[in-house]
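Next, two complexes with subunit A in common: one pairs it with subunit B, the other with subunit C.
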Partner chain A sequence: MSATEFGQSILDGIASGSVFAILGVGLGLIVGVTGRFHFAYAMNIVLPIYFATTLISAGLGTYPAIVIGLLLGAAVGVAMEALLYRPLAERAPQAALLAIFVTSLGLLTVCENVIRLIWGSEPRALDPGFTVSRVDLGTALGLNTLQLVWIGVAAVIVVVLSIYLARGKMGRAIRAVEDNPEMAAAVGISPRRVFAVVFAIGAALAGVGGVLFTMQGAALPESGVLPTFTAFVIVFLAGVKSGVPRFALAGIGVGLLQAISATALGPSWSPVVTFGVLFFYVAAVPLRERGLTWRIRRQRVAEASGS
Partner chain B sequence: MEYWLNALDFACIIAIYALALNLVLGYAGQLTIAPAGLGGVGGYTAAYLSLSHGWAFVPALVLGVVTAIVVGFLLGLPALRLSQDYLILLTLAFAAVVIAIFEAIPALGGVYGLIGVPPVSIGDTMLITAAEYLRIALPIMLVCLLVCWRIGSSPFGRVLRGIREDEPATEALGKNVLGFKVLTFSITAGIMGLAGVLYVYFQQSATPTAFGFAQTTAIVAAVVIGGSGNILGSLAGAVLVSFASPVLQKTVDLAPETAGTVQLVIYGALLIAIMRLMPGGIIPEGASLRLLRRRGPGGAGAPTTNGSGEYRRPRAMARAPLPSNGGGEAKPVVQVRDVAKHFNGIQAVRGLSFDLPAGRVTALLGPNGGGKTTLFNLNTRRNRPVTGEVLLDGKDIVGLPPHRVARLGMVRSFQDVRNLGRLTLLQNVSLAVPDQPGEQLRNVFFRPLSSRRGERAARERALEVLDYVGLADRQDMLAGELGYGDQKLLSLARILATGGEVLLIDEPASGVDAGSMESLLAAIESLRSLGKTICLVEHNLDVVEHLADHVLFMEQGQITARGPMTEIKGDPRLAEVYFGHV
Partner chain C sequence: MTITDRGPDDVTPGLTRRHLMKSAGALALAGSAAGVLAACGSSSSSSSSSSSSSTTATTTPSAAGNSPLSKLLGTPSGEAAGQGLTVTLGGAGALSGAAASAYGKDFLRGIKLAMRHISEAGGPSFNFQPRDNGGGDTSKTPGYMREFGAEHTPVLLTSFAANSQSENPFYEQFEILALDGGASAAAALASVPWYYVMTTVTGLQTPGVIEYIKSETPEVKRVTSFLQDTDAKTIEGYRKFITGAVEEGGLESAGEVLFSDYTQTDFSAQISELRSQNPQAILVTMFGAQVGTFVKQFAASGIEADIYGYDWVPDTSTAAGSAATSFNFTGVYFDPERKESAWEKYYVEQYEEEFGTYPTTYSTIYYENTFHVWQLVMQIIKAGADPTEPGEHWVKAVEEHPEFWAVRGGKGSNLGSVKMDLKTQAFEHQENVLATGTVLPKLPEVRATFDIDGSNFQKV
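The block that comes next holds the complex of A and B.
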């Protein structure tokens, strides 16, 4: 791999990592605040694309169609939470993990195949509405305008969402529920409402990520699954209860990892590397915990012998 | 005909996967999404050996299964130490990595997979048609059914269900839960690998999609829809999952591709509906048991309460040693020496030392956070002491895994009882009996007589103990259906059945109404008369006064007073510390 190839793969990695950042922030908000293992996030990624492309072929302009598609997608996200997950969690909080996980698998299967029945299995393209041209950065490096849009959208989302969570009334309620649901409920914050808002934001962000990726290629009913897996990688690498910037950084990190490993080892190896990293990261969790107790023990022994 | 037989072949393969997953998910309660990935490990191994090295079916199958077992073991070692959400994530990462590796390695055919695997030939006959393939698929499935059913219904399976209901509680009874989980994971990985091999020979190809996420969803669907924790449910689920599409094609006359899609919609919707409406699945766990119970009161244990259900004072057990706590200084069985403990850097206990004299009831009293549960936590994985010694019969047990501590004879109960709700009373107590031959799989399969004898002995012992605490008449009830006072009695019965000599009893009286209190006190008193060494943590002073031979008063991780309850009660300073006023 030459220096130019390496440099270009860093630029590409930051660009695709920006979209991953959006996906990671959306899923991170859902998993961090609600604790739901929301595999059907894949449908939040894909559905707005189908909504938008359908509206476009019905004669609507690209961007109004995308906005309506995203709003519909957010509504689907809220419906998933309110109609399916919440009743399970309220019925049996202890067994909720299994129940929600299985429901989420079922939801994923149903939505994906309903899409196939309604819209068919052909790829769906989404024209960005502007001509994608290359922007040179230095001698041999460059990004295209779509990639610049990716980075810009991600930056805006990270900034706006961070401010919203820090300053907004609802945003602060979300963070309160994330920190301590019981305490939040005790001061009069309705967790139901917060969860609904979180699913709306999460689903909308999933949709944005899906739309941005589709502007480059095309979407299939199953296109959301792999990005969802990647989003899980990002969320857990960052730490489930992280803040927005940390999820975003983890997203860019995963984007870089994929781009560099694709250049160095060939594109087919980049998923091996991505999921391999997650695998070893999670597998090492018990070791890290043991390492912690070991450190404490050693520290105590040192203290004891010192005193 | 060929058409239906094809579906039947496929159903057999899904059934094998589902049987294995049921042991892991339904019995042991471990959420894994690795099944198809493990099947892929087995299937690709066999396909590769067959295509590149001309291996015959049987040796390729054996090596495929062995590879899957090894991979399952290596995956299980880290995976099964994790909490549920990390377990999902790790198995997800595993499944994704496996598929990604298959697609990345050219020798494995990349995204197209390994195509043209020769059909199975046994002797001179080639198994080409669906009917012929069924001749191997069906018997292998039946063998797997038998193996899984045998494991599930053995004492080994009972431990798995204990792990599902409450892992720390099962570990505290002396079961090496990690060992059980890893063994189960490895065996089922082998069975899943076997299913993968069969699938490869069925399709005559090994493709990434054949072992992808959709396949795992189908397998999970078969288990969950059929009924997790019930082996027969997995068969029903497998049939449902595999026959929906062919039935749709024939009856509603859908095109094959549409039928496949509609089938997926149907079982996805079924997954959602089942979780919402009947979480136990269509054949729920213990369905057969409930049927038996409805047929009449029954079986071995005759009712032991008198008609009114009034508590009968427990009688001493035949096997129990006679009481021996008359006078003199009792020898200490447990010696706590200079123990320290920390929570997140805060030193909760420092330099704690005390003894539990043999055959006596020692009560630990004092405000919360005083370090009263230090000893108890040796029996669980949380908040264990870091330095110092705890000698049990002279042997240091600090740092031993909880199940080892229990096996050495020190067992605990839990304040919040932690009975195994979906197991019967008899199963709850049988689980606690130590050294059961049937908890080892080699006995289950190769020494069936010994494990049956062991099971009979465990059952007798459990009945004896249940009778002792006065619950024998409800032996077939599910523990979760029991009233709270009786739950406490059951938790006593469980630790008693372990045969441990040192019983740590955590707040026996908390949350118990006056009616149950009497029987509870009587039960604990009679434990002392059996010669057990007992340590109580209890806030109810009347209970402490009634039961305890002596009291240790603990504040801030240190013992500040000791003596009989009457003395402790008379000390105004202690009263102030404890109650906040005089």
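The block that comes next holds the complex of A and C.
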């Protein structure tokens, strides 16, 4: 890998990582605040694209159609929480984690096939509405205008959402429920309402990520699946209870990891490296913690026997 | 600190964060692993189980044998044509997944129309058993192949490299003759018993496209091959057919760039590599919508190089959007506007009447392949064997009569023809079906036609 290829892969990684950041922030909010393992997030990524392209076919302009598509996508997110996850969690609180995980996988399969039944299996393309051309950033390095839009949109979302969660009334309520739902409920915050708002925001962000990715290609019913797995990697890398900037940084980190590994090792290695990181997190980190615990125990035993 | 794992208004103490994180991580890892495996197989996680619905083409006895086709094809009548027999015909196609639109739908349409035409022309009825191979999802293969075996299916129309390769052990076990109209596994399965490639092998059109490049854009000297990072035998085949043909054609190979599989949608790493190779033309072995996605991203890269793809379907143009016009296709192509032979004209008209759209290359290949099955049925009857049963008599029929009809390539009342090379077990020659041209919003515009080795090169 030449220095130019390395430099270009860093730029490409930041660009794709920006979209991953949006997806990671959306899923991170859902998992962190509600505790729902929402694998049907893939449908939140894809459905707004189908809504928007249908509206465009009906004669609506691209951007009004995208906005309506995102709003409809957010409504679907709220419906998933209100009609499926919440009843499950209320009926079987002790088994809710697994029940919701399995339900979301089932929901994903059902939704994908419903999309095929309604819209068919043809790819859906979204034209960004501007000419996508290369912007040179130095010797042989550059990004295209769509990639610059990705970075810009991600930056705006991270800043606005951070401010909203820090200063907005509902934003503070979300943080309160995330920190301590019992205490939040005790002071009159409705976790039910907060969960609905979180699903609306998360689904809308998923839709934004899906729309941005689709502008460089086309979407299929299953196009949301791999980005959802990547978003889960981001959420677990950042930490389930992290703030928006940390999810965003983890997203950019994963984007960089994918881009550099694809250039250095070959494109087939990119998902292996990404999920290898998740494997490391799940398997190696607890081992390290356990090792630390053993060392502390040994030290205590040694101290006790020495005394 | 604890976080809850329950209903939002339930204030019962919940699980600890560590417990939640461990469980979540394990669940996510399991799910992610499944996702990676599914992605490697180019599959959809929603892929439905194999379709078990069957279709049988039937026609009234009075109509049988009186269709325009029976006269055109000069087929015998009655028992010699297989009339009254019902032959089980297996079909393994992309009925779900990313390829279902571009390939699965056309696969079914071509076969269904052919079954009706064969029945009307006085041939056998087919008990068609379509199964979903997920467009490369090999986890589906053992299931549907065992079903074919249990049903004593003698002949199978198949597609997709990964599926064909995983089907391979079952061909001999169940004595099923496999006819691959997609030719995707041609390099990996060359000369494997029971497996025949029923179209032109991808890559063999390269001498023709090199000829086209030299005549239309003589300034182009450096060519990059853009290949799938797949099994070593298939890559070696592509190297031989594509990169080898570039050098043999007097152009310089600028190098090779690999893409991961048919699910890849972000080509920034490959575009970066292409930039450093500085090619003037790129030969791309992607298919369907994926090549359109690549073309769209490539157009935004600012790299000035001509792209020649080995496949074009309507989904390619959909995915490429306005960049589609910068894409040149080269390969097996059925031009629905050609209609030079009586059969071609009849086929296009019937197809449009039946499905309300023009026939594509893939629907035409599988339409032809179903007629090839009928030809084999007639050969088997002539040899005194039973075409409704699986067995070596099917392989023998191919070996002894390797020439087949073709909708394409004929003129007037003369039929087109194709011939099987019994050494490679792939079609060695197919008249006027290789083409190169420019993709327009609706259909590609054919600029030149040629044969496998670039011979008979003719500008249109």
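Please note the rule applied: the second predicted complex is superposed on the first by the 289 of 307 C-alpha atoms of A that agree within 3 Å, B and C clash if a C-alpha of one lies under 4 Å from a C-alpha of the other, contacts with A are read in each partner's own complex, and residues count from 1 in each chain.
The rule we apply is simple: a residue touches a chain if its C-beta (ideal position, glycine included) is under 8 Å from a C-beta of that chain, and two chains touch if they have at least 3 such contacts.
It should be emphasised that the depicted structure is a prediction, and the values quoted were computed from it without experimental measurement.
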(Q) Based on the shared subunit A superposition, would you classify subunit B and subunit C as clashing or fitting together? (A) clash
Q | Partner contacting more residues of subunit A (subunit B vs subunit C) | A | C
Q. Regarding the shared-chain residue A:Leu117, is it in contact with subunit B (first), subunit C (second), both, or neither?
A. first
(Q) Just to be sure I read the superposition right, which of the two partners does A:Phe213 touch: subunit B = first, subunit C = second, or both, or neither? (A) second
Q.
Quick one: is A:Leu257 in contact with subunit B, with subunit C, with both, or with neither? Answer first, second, both or neither.
A. neither
(Q) Contacts for A:Leu84 in the overlay, against subunit B (first) and subunit C (second): which applies, first, second, both or neither? (A) first
(Q) According to the stated criteria, A:Ala140 is in contact with first (subunit B), second (subunit C), both, or neither; which is it? (A) second
Q) In the superposed arrangement, which partner chain does A:Gly276 touch: subunit B (first), subunit C (second), both, or neither? A) first
(Q) Looking at A:Asp127, would you say it contacts subunit B, subunit C, both, or neither? Reply first, second, both or neither. (A) second
Q: Report for A:Ile56: first if it touches subunit B alone, second if subunit C alone, otherwise both or neither.
A: neither
Q) Is A:Thr103 contacted by the first partner subunit B, the second partner subunit C, both or neither? A) first
Q | Superposition clash, subunit B versus subunit C, among 41-49, 77-85 or 365-373 | A | 77-85
Q: Indicate the residue numbers of subunit A shared between its subunit B interface and its subunit C interface, in ascending order.
A: 37, 97-98, 101, 105, 108-109, 112-113, 116, 225, 229, 232-233, 236, 266, 268, 271-272, 275, 278-279, 282, 286
Q.
Considering only the defined contacts, which subunit A positions touch subunit B in the complex?
A. 37, 84, 87-88, 92, 95, 97-99, 101-103, 105-114, 116-117, 225, 229, 232-233, 236, 266, 268-269, 271-272, 275-276, 278-279, 282-286, 293, 296-297, 300-301, 304
Q. Which of the residues in subunit A come into contact with subunit C in the complex?
A. 2, 4-5, 8-9, 12, 15-16, 31, 34-35, 37, 39, 86, 89-90, 93-94, 96-98, 101, 105, 108-109, 112-113, 116, 120-125, 127, 132-134, 136, 140, 142, 144-146, 177-182, 185-186, 190-192, 194-195, 213, 216-218, 220-223, 225-226, 229, 232-233, 236, 240-241, 259, 262-263, 266-268, 270-272, 275, 278-279, 281-282, 286
Q | Residue ranges of subunit C in contact with subunit A within the complex | A | 1, 3-12, 14-15, 17, 20-29, 31-33, 35-36, 38-39, 44-46, 48, 96-98, 100-101, 104-105, 229, 258-261, 263-266, 268-270, 272-273, 275-276, 289, 292-293, 296-297, 299-302, 315, 318-319, 321-322
Q. Okay, in this complex, where on subunit B does subunit A touch?
A. 29, 31, 78-79, 81-82, 84-86, 88-90, 92-94, 96-97, 100-101, 103-104, 110, 213-214, 217, 220-221, 224, 258, 261-262, 264-265, 267-272, 275-276, 279, 340, 342, 345, 386-387
